[in-house]
Every structure is written in structure tokens, then in C-alpha cells.
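Chain nomenclature is as follows: A, B, C and D, assigned in order of appearance, with residue numbering initiated at 1 for each chain independently.
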Amino acid sequence: MKSETEIKVRGYHLDFYGHVNNARYLEFLEEGRWQFLEDHVDLAEWRQRGWSFLVVNININYRHPATMGDILVIETALSRIGKHSAVIHQHITMKGRPIDVVDADITFVIGEGDKALRLEGPIRVKLERLMNQP
Amino acid sequence: MKSETEIKVRGYHLDFYGHVNNARYLEFLEEGRWQFLEDHVDLAEWRQRGWSFLVVNININYRHPATMGDILVIETALSRIGKHSAVIHQHITMKGRPIDVVDADITFVIGEGDKALRLEGPIRVKLERLMNQP
Amino acid sequence: MKSETEIKVRGYHLDFYGHVNNARYLEFLEEGRWQFLEDHVDLAEWRQRGWSFLVVNININYRHPATMGDILVIETALSRIGKHSAVIHQHITMKGRPIDVVDADITFVIGEGDKALRLEGPIRVKLERLMNQP
Amino acid sequence: MKSETEIKVRGYHLDFYGHVNNARYLEFLEEGRWQFLEDHVDLAEWRQRGWSFLVVNININYRHPATMGDILVIETALSRIGKHSAVIHQHITMKGRPIDVVDADITFVIGEGDKALRLEGPIRVKLERLMNQP
């Protein structure tokens, strides 16, 4: 399961260097993840159970600058499930051009109240379905 | 009563034109207003009473562009109290230079639950004190 | 001539109050204006002539809060042409619901190098066409 | 050599969860790095030589949420110099409280025109001085 989101780069996304700013990419990635969750997760059920996605690490490579008018494609997929945390992989390319702009691994835990859940039982089943289904 | 806040312009504040972006100034102004409230208002008491400041209009003039390394000074003061709304005036200049960068009137109401309060009685007294004291 | 842009409200658009932040709306409006320019203006020609749109005033009414998951529709149109400046009117509503979220008048001048052009001759013809054509 | 920057968390820094948003921390870190460069680097000389700092990777741990009114302290120091890239380590804590909020490694190269410089010769000397001096 994968989601794709398109964002066109505008003047307010750029910084001093005339390129999309480092911090702004994290908003683009968050946009991609909301799209992914909306496409594939029953968020109402998660909310009812009191589960939330908490990002604990972001490891992001900036490979090629993007500028005004570029159309970016953000691909988002679940890539790994551990005992306590899982990883979403995201990849930003230029639309229609084989240029890697950004790739990132987003490590998250599932919070319930104050604690992070072990990724086992029904929650693991849900995550595995997210990862494996075509 | 007036508050002054300084912000140094950094690379991530700029946009396509190499100037501080229009939207970013609204964050600078919000920073100035939090400073003003912190300096002069008993926010804990307001919170306890369930009062909140709700911005209903911003009228902002962009007079001179600011860029990398400029130090901006934001002045914030309450300038007018009406029956239902009041106005905070904010003025951004270059530190140590007589250059008007931005000025803005921020019209707000005081919300309590779902409704806006009439600005009379104890709340008016508080606002008038905010406006008139030196 | 009018443009419409849709934006879905995400977690990173919200602030302390759980509503879309005041400053963020200015990014939404800028997004709408880029869309409008792209739809109706020959930006390459403007760039070649060295003309740029410079915002000198924004007057924005915040009428109804927007929150997580709301789909906003931004309408953008040129509404008035003066001797030295012109006005773009923008209106944000909830998609499919008759709720006014934000409306704003954006006053701009056309810059050429260091000076603002008088809106006469060929530039006025272009602007009038932008305003009047269906 | 180390720099310290303080930022007070305001309403516009928060998101849906009432915490400082993931992307916003990257602006806080960028603020810290500009401070560091300003404190310790002759930026005018670097500009004259045509050298620029280009971030190629950010690895950031989100350890503890920060919210309204928290005062964050950002520590910034150069931590490692490789053959082609170097690493700035940044650490955000709560002012006066032993709470780790965020830590991050920022890997950068030195660009000159279109290419990344090897970190040898005079540029390496400058970087080593940045890292080692007390």
C-alpha cells in the first residue's frame, strides 16, 4: 500500500537560497503521511481506541534542490515493523523526471494515553496489513 | 503600555523574492502580541475565567522589504476599545534605522465559550488600564 | 476571470487553539494567487519585461475557524484597478457548505526595478482584461 | 565552540496535538545554526570565496514534547569532520530543567558553485578550529 501526493512549489516555500527550505520538506512529508493514513487507515477507529501516531525520529536526505514551479511527487509507504516502533519510508521526486529530491525514514510509535504500545496482537495485524497488501 | 520584541531575519524567513514573506510577518506580529500579553496581562486569570483573544481582522501595510540579517523591532500597543471589539496596533521598524517595515491593526474580540463578550464592566476596566497606563 | 484552489486542513496547519493559524491563511491566499496568475497571466512575458507583483496591503477578515479535515475552497479574482495599485479579492469557504471562513483584499502594485509603475497603457489593458473577461 | 539560542514556545508553533510541530523544530535548529555561524564564522569571507553550507542529511530524535510557554535552549556545535562532509550536533533542552526535547545531527557539505569541496587544506583548518577551540 502506497500513497502519492503532489505539491507544486510556490514562492512561499523557498528560502534565502531560492530552494525549498529544509523545514518545509517536513511539512510536505507530513502532508504525504496524512494522505497515506486517510487512504489506508480507519482513523475514526484509531481515535476511538485512543491510539495516536507519535514520530520519534526522522532521518532525511536532501539529494537535489527544488525550486519555484517544480511539481513534487511524495510517495509514502510503511516499510518496517519492529517490536516497539515502525518505519514509514517517504520519497520525493520531480514529477515526470527521474530526479530524487528527498528521501526519508520516519520512525513512529503508537501512543495510548501516556505510554507507547508494544506492536503486537491486533495492532500488529493492522500494521502488517498496511505494509503487505498491494 | 507598550511592548517591544526584536527578531533577527534568517534565511528561513525569506521567500522567492529574497525578502521576508508576507505570511511570516503575521508570525512576527503574533510573537509581539504574546510578548505584550505576557508583559501586561494576567493570562492565568483570563484562562481561569475562560476568556480568549480572538482575532477577527488584520489590516497590514507592507512598507519596506526586510532581508537576511536585518534586525526588526516590533512595537505592540492597545490602540482602541469599541463596544464589541478592540484594536492592537503593531509597528515594525529596522533596529536603529528610521525605516518603517510594516504596520498593522489587529482587531480582536474577547471570546467566552461560543460567544464574544460585550466590552463593558470589569473586562472594559482591564482593557482601559492596558491602553492608558504609561 | 476567477480561480479556485482547494486545500485540505492538516495537523500542521493548526495552532494552540486547534484552528488554522492566522499566518497560515496568508500562505493559503498566496497559493490561491499563484494559481490565479498561472491560470490567467503570461508570467514568462511579465518576467521578461521585469514586472513583478508587490503586495502593499492585506486586509483580512477571519469569519469562521477551520479545523482538521475541513476542505477549504479559495476563490481569487481581480476586483479593482486604480491609478497606481490594484486589488485582488479572495474568499475562502468550506467546500460544499455555505460557511465564510476568510475574505481578504490584497492591494498590490506592479514593480519594475525599484519603482512602482503607473497602471496605464499596455499594463492597464492587461489588467482590465484580467478583471473583465468571464 | 558552542552556541546557545533560546526560543520561547508560542501558540503559532503548536499543531493539532498541542505540541511544537516536527517541522517547526527544523526552523528552531536552523535558527541555532545561524547563531553559531554568526558567533564563530567570518561569513563575509565565506561569501566572498563563494562557499556555502549545504545540508545533505538531518537525523533528528523527538524525545519529549514541548508546549506553550516552554523555554527551549538550543545548543549547537561542530562534532565531526569527514573527507567530504561534516556534522553539526544540536541539542534542545528545557531551560533550567534536565529534559531532553530534541537532538539532531546535521550533515553538511561546503558548496562552491556547483560542486562540493573536499574538506582539506585551508577549509579543513577553519573547520578544525571551529570544532576544537574551547
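We take it that contacts are C-beta pairs under 8 Å (C-beta built on N, C-alpha and C of every residue); 3 or more make two chains touch, one makes a residue touch a chain.
Treat the numbers as computed from the prediction; the structure is a model and nothing was measured.
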Most distant chain from chain D by Cα centroid: C
Higher-contact pair (C-beta pairs counted), A-D versus B-D: A-D
Whole-Å separation of chain centres (CA-atom averages), chain A against chain D: 23
Gap in Å, rounded to a whole number, between the CA centres of chain B and chain A: 35
Distance from the mean Cα position of chain D to that of chain B, given in whole angstrom: 30
Shared-contact residues (touching 2 or more other chains) in chain A: 10-12, 17, 21-23, 27, 30
Chain-level touch network, classified as line, ring, star, complete or other: complete
Touch list for chain B against partner chain D, complex: 10-12, 27, 30-31, 34
Complex interface listing, chain D residues touching chain A: 17, 21-24, 26-27, 30, 52, 54-63
Parts of chain A lying in touch with chain B, wherever the complex brings them together: 10-12, 14-18, 21-23, 68
